[in-house]
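Look at the two complexes coming up: chain A is in both, with chain B in one and chain C in the other.
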Partner chain A sequence: MSDFLNPQFWYSVIRVSTPLFFGVIAALLSSITGTINIGIEGMMLMSAFWGTIVGSLAQNPWVGLLAGIVSSTIMAVILAYFHLKLKTDLVIGGVALNLLSSGLTVFMLYAITGDKGSSASLKSFIIPRVDLPLLKDIPFIGKVLSGHNALTYIAIVSVFLINYLVKKTPLGIRMRSVGQNPDAAVSVGISVTKMKFLSLILSGIFAGFGGAFLSMGYVSWFARDMTSGRGFISIAAQALGGSSALFGAFGALLFGIAEATGITLQSLRIPSEITNMLPFILTIVVLIIYARSRIRSHSRIQEQ
Partner chain B sequence: MKRTLLLLEFTRFVITVGIALLIGYIFLLFIADEPTEAFKLFLTGPMTTQRRFFEFLNNAVPLMMTGLALSIVFQSKVFNIGAEGQLFFGAFGAMIFALKAPQIPWLHLVITLVGAALFGSLWAFVPAILKAKWKASELVSSLMMNYISYFLVLFLVNNYFRDKTAGALVSYRFPQSAWLSTLSRYRLNSGLFVAVALSVLVGWLLYRTKWGYQIRVVGANKKFGYYSGIKTINVIFWVQILSGAIAGLAGGIELTAMYRRFVWQSLPGYGFDGIIVAILARNNPFLVIPSALFIAYLRIGANIMGRTTGIAPEIVVVLQSIMILLITAEALLGRFKQKAVAKEAMKSE
Partner chain C sequence: MLPPFGGNRMKAIEAIDITKVYPNGVVANKNVNISVEQGEVHAIVGENGAGKTTLMKIFFGIEKPTSGEIKVFGKRVHINSPREAIALGIGMVHQHFMLVPSFSAAENIMLGIEPRKRFFSVDFKKMESIIGDYAKRLNFQIPLWEKVLDLPVGVKQRIEILKALVRGAKILILDEPSSVLTPQEVNDLFEVLKRLVQNDLTVIFITHKLNEVKQIANRITVMRNAQVVGTYENKDVTETDIVELMIGRKFEYDIKREPKEPGEILLIVKNLNYFREDGAHILKNISFSLRAGEILAIAGLEGNGQKELVEILTGLREKATGQILLNGDDIMGSHPWEIRRAGVSHIPEDRVEVGCALDLSIAENLISDRFHLNPFSTRLVYKKKHVIEFAKKMIKEFDVRAKSSTTMVRMLSGGNMQKVVVAREMTNSAKIVIANQPTHGIDVASSEFIRKKLMQIRNEGKAVLLISTDLQEVLQISDRILVLYKGEIVAHLRNENITETDLGYYMLGVKRQSEEQIKESVNL
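Let's turn to the complex of A and B:
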């Protein structure tokens, strides 16, 4: 129990929640136009891979970050093109992209490093940590909030920015109107296809940030299938938050707490297989709670 | 009319495979020292020796069964892609029954395989009941169940069933009465016959029985099905349970025929490959047979290429996903399809 009062624990909660913050934003931006991006997982993985590889070739983590984001955005463009132009089913397209990145990253990893498991043989570059002035001197809070990876702060700022974008700006309102009632949106001159295209691409960009954090901040290498479900967990967390990025971020924190608890429990000799299950079990529980609340609010017009 | 549409479907298949192979070749151009040699090995590898040919047939067995499992849920427009976890849990179930059930010849094997199917459907039960009760997204829940299956089974096998005398992390060896036989010197998995028979049986179920009709109606138009008196919730629930049983059985057959103990320390991936098998077959159980053979051929071809040239066989996963995207692209060749339909409509007027 004392672990929960330890600033170290809360520091690691924020650390493990960072990729989920980005994931939640990616899920939110795609789902508000009604085109839920199942490929977030694969986009993250792609970005994690190209981030490390290009980062170490260019000897600069920021170049790596950019490459990672470009790669995940390309994936998003592919998904958007196939779904919106060629009418591929959105879910199947997303699943295909996840498979694609899982295969392509291992294939390229082996071609580049001669190793199929991880990129540990490459000297990789990490996005630097940042100490927040003033804040870092406050006793408990300083230890929790200061000294994080720069991407963590970008994530937290993005949550607020995207929340504002979605709720208050004309663009956000247009995007939401496409999701809620495409016919009404068309009637006031909004291009549904354009808005959906934009929302998938924005989703890809933020998934890219999340993936890059995994391989250039969370750890300093790429490992095969290292996203291990974080893209899907993000989708579940976003479902909790509805159309609010802030609530979605709280959902992400919940998963972060589960993951950090798992790491803490491992030090108590509880087998890692058991603790590794925690976030996935929590996702299912969250899914049930979300689905139940939704059913209750729709019970009057329940069909089938 | 029907012939024109069939021809279009076939053209789509040829174009898709052509584009995917072309992309594969381009990758090899950049990676391989002798791309043409490597590509040739990839395309003809499984045919070169009898051993490799049987290896290819054996690989088709689990793919056929997971493809079958997924094709029936996809038919009802349910995206339960938990076949991977169901197969893993089914294999675990097979191990329990193989090690613990009484060793009566024949009966023991039957109990083991039924146990595998039971455990597979048990794993499918969770997303199925969540979907039926609260309409929770079966896509997310089934994926989460994959991860849970993986960690839970590893924990149980490594802690309670581990054969400490074996060099690797594996379970105790199954007694002989729980072995599914293999044929000839190169060990052809006799589960192949089970898989083919099951595909035909499920195809019959889907296209020739009332329940199969209900599944297809629910997939084509759920509301229509509901208002015409089909208990859509029940159909969606039971189709997932059946799918889980088939996926679980796939795991059981793989262990009892090929390994005869629990050997996996990572997810074997058959459940995910089943997605492309089902999609290539257009969710038709009869077509699952050639579709699984095709994917197994590519897989083994890539493995053989990998063994001889040092190119990672994972390239085939990339080709598979490109094929999924192209095959499901409704608008591709859509104009031709519409023309054919319009022409036919004019004729009948």
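Let's turn to the complex of A and C:
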């Protein structure tokens, strides 16, 4: 129990929540136009891979970050092209991208490093940590909030920026109108395709940030399938937050707590196979509570 | 003094030899010529499928014509999208409102043209002042910051009109604008339209309500079978003329309601209360009874609880309280099929989503409530021959216009689709028929046919519960009328010497009867 009072624990909660923050933003930006991006998982994985590989080749983590984001954005463009232009089903497109990422990253990893498991043989470059002046000297809070990876701070700032974008800017209003009533959007000359395209691209960019953090911050190497469901957990967290990035981020924190608890429990000699299940068990529990709390319709006619 | 319409006035919008053939081969417009002049209210009338809506879609850039040209203020134009139409000064108020339900009225009006302030955020204050200017000119009262979801239809329509005006619309197309309004609201709408044309706007008004056309239009264009029959000065044609031009033959309103002594009580509803999922009290202490051989109408504006009431009576909605006594048995909460089996049939409001299976044939739809019975199936297999035979009979009896009995229902026009539903629901063994808006949005001839059929089964001794927002219909065929307002029965009237205006007052909640007067409806 004492672990929960330990600033280290809360520091690690924020650390493990960082990719989820990005994931939640990616999920939110895609879902507000009604095109939920199932491919977040694969986009993160792609970015994690290219981030660490290019970063190590260029000997610069920021170049790596850029490469990671470019790779996930390309994935988003592909998904948008398939869904919006060729009218492929969004879910099928997303699943295809996830499978592609999983296979392609391992293939490329083997081609580049000769190892199918991880990129540990490459010298890797990490996005630096940042100490927050003033804040770091406050007891407890300083230890929790200061000294995180730069991407963690970018994630937190992004949550607020995106919340503002969605709620207060013309672009946000237009994107939401497309998600809620595309006919209304069309009737005033808003291009539904353009908005959906934009929302998928933005989603890809933020998924890219999240993936790059995994291999260049969370750890310093790429490992096969290292996203391990974080993209999907992000979608679940976003569902809890509705159209609010802030509530979505709280959802992400909740999963972060579960993950950090799992890590802590491993030190109590509970098998990691069990502790690793915690975030997923929580996903199921939270979704049940969420579904229950939603008002059930009295109508026997299925909503169209 | 301006020259009269139809002369040398400035043309606002013209269709010249417009033909539209849809990819599936349907010819929706055939050499259509129409010329609308600046400052007039121009009505376009015609039956469903006559091509009015297609023409309007072409004007608004939703559809492209196969051939022909469009001129706006004398200039030849190609309108490829609603955006281009808006830029040319064309605005459209669709029959089904194009609003985002969770947005405020102001956000809906300014969607896509939001004023900005620093940091790219929306300037809500400026929004308010821009809309305020327009609203003032038209004398509109609109709660700008309330969610559209919670606003009455009349207000939603004004929001749509403002939406077009703030975008600089000079030509306003209204698609069936009065179909959702009460007589009083229709009068308000007409006042608005008059103010619009005084401000030099041009109004194109699509409708099938001819009394309204006579009341407001300067000129009338009649369409039939994808073609324009002609454009007429309002003063030169009567309502009957217009109907005959629309349907292309003589037409007589010949439904007569013979006085009839009603029979035994078939259905009693007692103290029915219903709270919706969100806690709203939708139906308040509804009590009434229904007798064999009568048509009992429930009149009221859309959204006063009719939908819920019908769904509860037919078992499609759960969690209501009170009693629904059918032959003495309480059927509250029973399954739809139990209620059907007990003798209640249902013509649903939404024929497309609830009334039919669109991808099944007419024949299959006709037997969808009795496919398991003789002679349509044995215990194991269904007997196609009998089904087709039955379907052919029904198609003839109910005048369904279709290629064959195996045509998919999806291919039918609204009126014919509804006839399929009506045929099914009137030919089963049920003693009670609940008809929810049976003629909503369908053409004059089909409407008349369906009303005649309702009258016929009433005369044969069935009981009809008619839920309708169409007051003409209510007054034309019902024996008694209950008025529903905000989930309460506020009036119980015998259909003798009452007018649409009388009903309108009850429907708007301006007037209501005393408890005693209403109670009579239960103890009949």
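Everything below uses one rule, namely that the second predicted complex is superposed on the first by the 293 of 304 C-alpha atoms of A that agree within 3 Å, B and C clash if a C-alpha of one lies under 4 Å from a C-alpha of the other, contacts with A are read in each partner's own complex, and residues count from 1 in each chain.
Rule of thumb we're sticking to: a contact is a pair of C-beta atoms (placed from the backbone, for glycine too) under 8 Å apart; a residue touches a chain by one contact, two chains touch by 3 or more.
Everything numeric in this text was worked out from a predicted model, so none of it was measured.
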Based on the superposed arrangement, let me know which partner A:Glu273 touches: chain B (first), chain C (second), both, or neither? first
Output check: A:Pro170 vs chain B and chain C. Expected answer is one of first, second, both, neither. What do you get? second
Classify the contacts of A:Asn181 with the two partner chains as first (chain B alone), second (chain C alone), both, or neither. second
Contact breadth on chain A, by residue count: chain C or chain B: B
Considering only the touch criterion stated at the top, classify A:Ala291 as touching first (chain B), second (chain C), both, or neither. first
Look at A:Ala236 in the shared chain and tell me whether it touches chain B only, chain C only, both, or neither; answer first, second, both or neither. first
Could you look at A:Gly189 and tell me whether it touches chain B, chain C, both or neither (first, second, both, neither)? second
Determine, under the contact definition given at the top, whether A:Thr88 touches first (chain B), second (chain C), both, or neither. first
Common interface residues of chain A - those touching chain B in one complex and chain C in the other: 295, 304
Flag every residue of chain C that touches chain A in the complex, lowest number first. 81-83, 86, 92, 94, 96, 98-103, 107-108, 111-114, 116, 120-122, 163, 167, 276-278, 311, 315-319, 336, 353-354
Touching residues on chain A, where the partner in the complex is chain C: 164, 168-171, 173-174, 176-177, 180-181, 183-191, 295-301, 304
Within their complex, state which residues of chain B touch chain A. 27, 31, 79, 81, 126, 130, 134-137, 139-141, 143-145, 147-148, 151-152, 154-155, 158-159, 222-223, 226, 232-233, 272, 275-276, 279, 311-312, 314-318, 320-322, 324-325, 328-332, 334
Can you check the complex and tell me which residues of chain A touch chain B? 38, 78, 82, 85-89, 91-93, 95-97, 99-100, 102-104, 106-107, 109-111, 116, 228-229, 232, 235-236, 239, 271, 273-274, 276-277, 280-281, 283-284, 287-288, 290-292, 294-295, 303-304
